[in-house]
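Below you'll find the structure, written out as structure tokens, and then a few comments.
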């Protein structure tokens, strides 16, 4: 039971990351391949503040949010004007830098030994984990409500116009640079928040949590679910994480000699599904947004 | 009859630029005139197969080339010199000339010396990168590259654009020389109408994507050209 | 002084897989204009193919390099035909193409893991001998690797800059329309370039870790730095890829000698973001 | 009083000059034309004026309603905000916005496009919606609440999107290319009406000279990056240099 709660809570983290990526890539067109960097920065920041410097959870959380927002804003100023491929590489490089620094800066992070133990922000006995699950659920529902509002808001229209043709939007008097930077900072900071909240969930942090597979898992979920649909992120994570990490790895009776292969099989299938979706249904399972019935590309 | 264009329509995406164009080119200098946006470049690009034909047919020496990919044309004797991007900037002059690789080695050398004879300035520049050439030298190289394919017809898209007036004279003299010495058919799209008329055998005037006028250069009346240009 | 000497020597020695990978990668990037992360698997599979011929079929140590490189080239062509050519034909945008290449990369990598397992595979090595030269030491294997890499690099360089085929490749990448009206069939050339790139990647895999072992993640570990070296060098410049990968190798060696090797990577990655920003995001 | 004045404006690509304009000014007449042979630098000049293209050097001053704007330090969205707007030569659009949304986007004020406004109930004012309805009723689109599908519809939408911004000065880069003849006439009548009603100024770049002669009060003639001649249409038309440059003497 405890493991199930841990798994579903982790799934909520992934849903949140995919929702934020939906805003970044699906709506605004920023290919952020540094998700694990922002998430990891948030997680380790809370870990370091909490364990090494004895901050209690809430101040650590607030400082972390500020830190990640600052980093995202700085990175955004450097890269948001770049073309798509360059942004993709730069964000990927950023997340690699975060992972490397976590290993090298042992005085701060304990390096490969690992950092622990991060306690939950409150102690409700046996109810601690379920309560924590509820908090994350609230956050994810909150992000979803925001996305739904955003899709039908005037800001949403502007965001779509920037994705379609930024130069044209600017020629209509829209300050596209400012909007992009604001939204990038906000969504990356929220990725950091999800990271911060993942710290007590994982309790013990090691650098191998910061591998690019985290980024890719989020991407695959979003592309599979439908990058432009407001519910694409949620559905995508249900299919990928829900099916494999929850159902198969935890509950399907797999013979022990094959059990070690399941994660690899999962990653293989992730790749195959991603390829199939991009080749045959580039808009994902849900296709375009129900809110705006957006146009099919030629 | 060499090049036979029948009822041709073409354009970019769903924009139709040319409509119902019919003409044929014999062994001659065939000039295509027209104001900005009349469709000269579109016509040549379509003939070179870089733009798809929307309707109509194109025949070259009795063979239908309407749906042929562009890289099949040089081996059939058709060469094309675009207006912009007509050399490979990161390749040397010599490499630009030899790139097609259509010819076996002995005839390539022979051909190369012919091109160098026509454009002696290219000899000194042969190891230089094409991107570093001046406008006039670049235009010479573009013509030379087309000649390397031993073409029977060359489609020129505004070769005089951006060149100094005295070099335009030289270039048109070279085009006339190619026509007379090597018996190459020339299709010449030009905005520079006066110069082009000096060497043309026949003139096609396009206006807003349609044929405005098609007649012999000797009978040509400049006032009717002004009419097509709306001046 | 010792620092410069050692970094140059170790740098060149250790950069050899990077040099090969960057030269091969840059060719494909140059021609098709998107970052192909699946190129990393050419590297991994090259090493595995070599191990297969060596361990399973008992090929001689050096002999197994040849079929391994050819198979890596064939694999690269296969990915082109199966995935990238159809996508390019449909006009899929470059960002989506990169994501596609990551999917292909996952399939190949974890397909391999499912097939042969995630453990390192060790290769039967010829007896090791140490040589000392101007105060720096190297094994016979390292020296052979260095010579082989030099030979391959020289040949690749020669093909790209001195042959008709190289002209055609550079011409096509320079100006596709003009190349086509010059009689070049882009599809044929693409196949050759993907093959050549794959071969270079395969050899890079063989030389990674100087023949010692094969590991499913080795390609992934090299691909990010390969991409960055190619971009910093100027896309399509095989010359540039050669120079920048040697510099990256020496820098890594120098930082490793005075500090931690991981800092070298941090420095390379940060300077990469800096270079992109400085160029205003133009990759070419 | 309106004046868009250019001094010593130059633009070079790779040391190759495409424009070198000593002096020019637009806006004294309600509809002005800018003509010239291929490669004269007309589109480059338009791009420079709206700050889409950074100039190599020079100054651009926009004087409107007694305000004096130096455009050089501004970015393209700021230029649009002070009322200098350009329609596009190449077909451009927002492929995921409906025709109506595209027009709404143009008239939404920045205050309704903030993060805070996502949660507010504030809508576009009724006057604005009525204006959009008015445009959509007078200019026919296949599906006003669907997407602009044909090239002609996209081009028309591009022009309407600019008109609805109520610019002080509208630059039109080849507005008729790709538009059906009847729509061209309708657009020209609409802008003529608006120049009178809203005191808007128009500068048209066009290679259909017929249209220039019939609608413009004043014509600028640009050749090789320099303003060679300007004047009333009949003077420009009668000028020998103009004919010669077009025919390539």
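Quick notes
Residue numbering begins at 1 within each chain, and the chains themselves are lettered A, B, C and D in the order written.
We adopt the following convention: contacts are C-beta pairs under 8 Å (C-beta built on N, C-alpha and C of every residue); 3 or more make two chains touch, one makes a residue touch a chain.
Everything numeric in this text was worked out from a predicted model, so none of it was measured.
For the pairs B-C and A-C, the larger set of C-beta contacts lies at A-C. Computed from the mean C-alpha positions, the centre of chain A lies at a distance of 55 Å from the centre of chain B.
The distance from the centre of chain B to the centre of chain C, with each centre set as the mean of the Cα atoms, comes to 42 Å.
Chain A and chain C have centres, each the mean of its CA atoms, that are 31 Å apart. Chain D has its Cα centroid 42 Å from the Cα centroid of chain A.
Across the assembly, chain B contributes no residue that touches 2 or more other chains. Chain contacts in this assembly form a single closed ring in which each chain touches exactly two others. The complete set of chain-chain contacts reads A-C, A-D, B-C, B-D. Residues 146, 149-150, 153-158, 160-161, 163-165, 167-177, 179, 182-183, 186, 228, 292, 294-295, 297 of chain A touch chain D in their complex.
Looking at the complex, you find that chain D touches chain B at residues 37-39, 91, 150-151, 174, 177-178, 207-210, 213, 237, 242-243, 246-249. Against chain A, the residues of chain C that register as touching in their complex are 34-35, 83, 86-87, 92-96, 98-100, 102-111, 113-114, 118, 220, 224, 227-228, 231, 260, 262-263, 265-266, 269-270, 272-273, 276-277, 280-283. Listing the residues of chain A that touch chain C in their complex gives 31, 75, 78-79, 81-90, 92-94, 96-97, 100-101, 103-104, 212, 216, 219-220, 223, 261, 264-265, 267-268, 270-275, 278-279, 282. Interface residues of chain B facing chain D in the complex, by the touch rule stated above, are 13-15, 35-38, 158, 160-162, 190-196, 208, 222, 225-226, 229-231.
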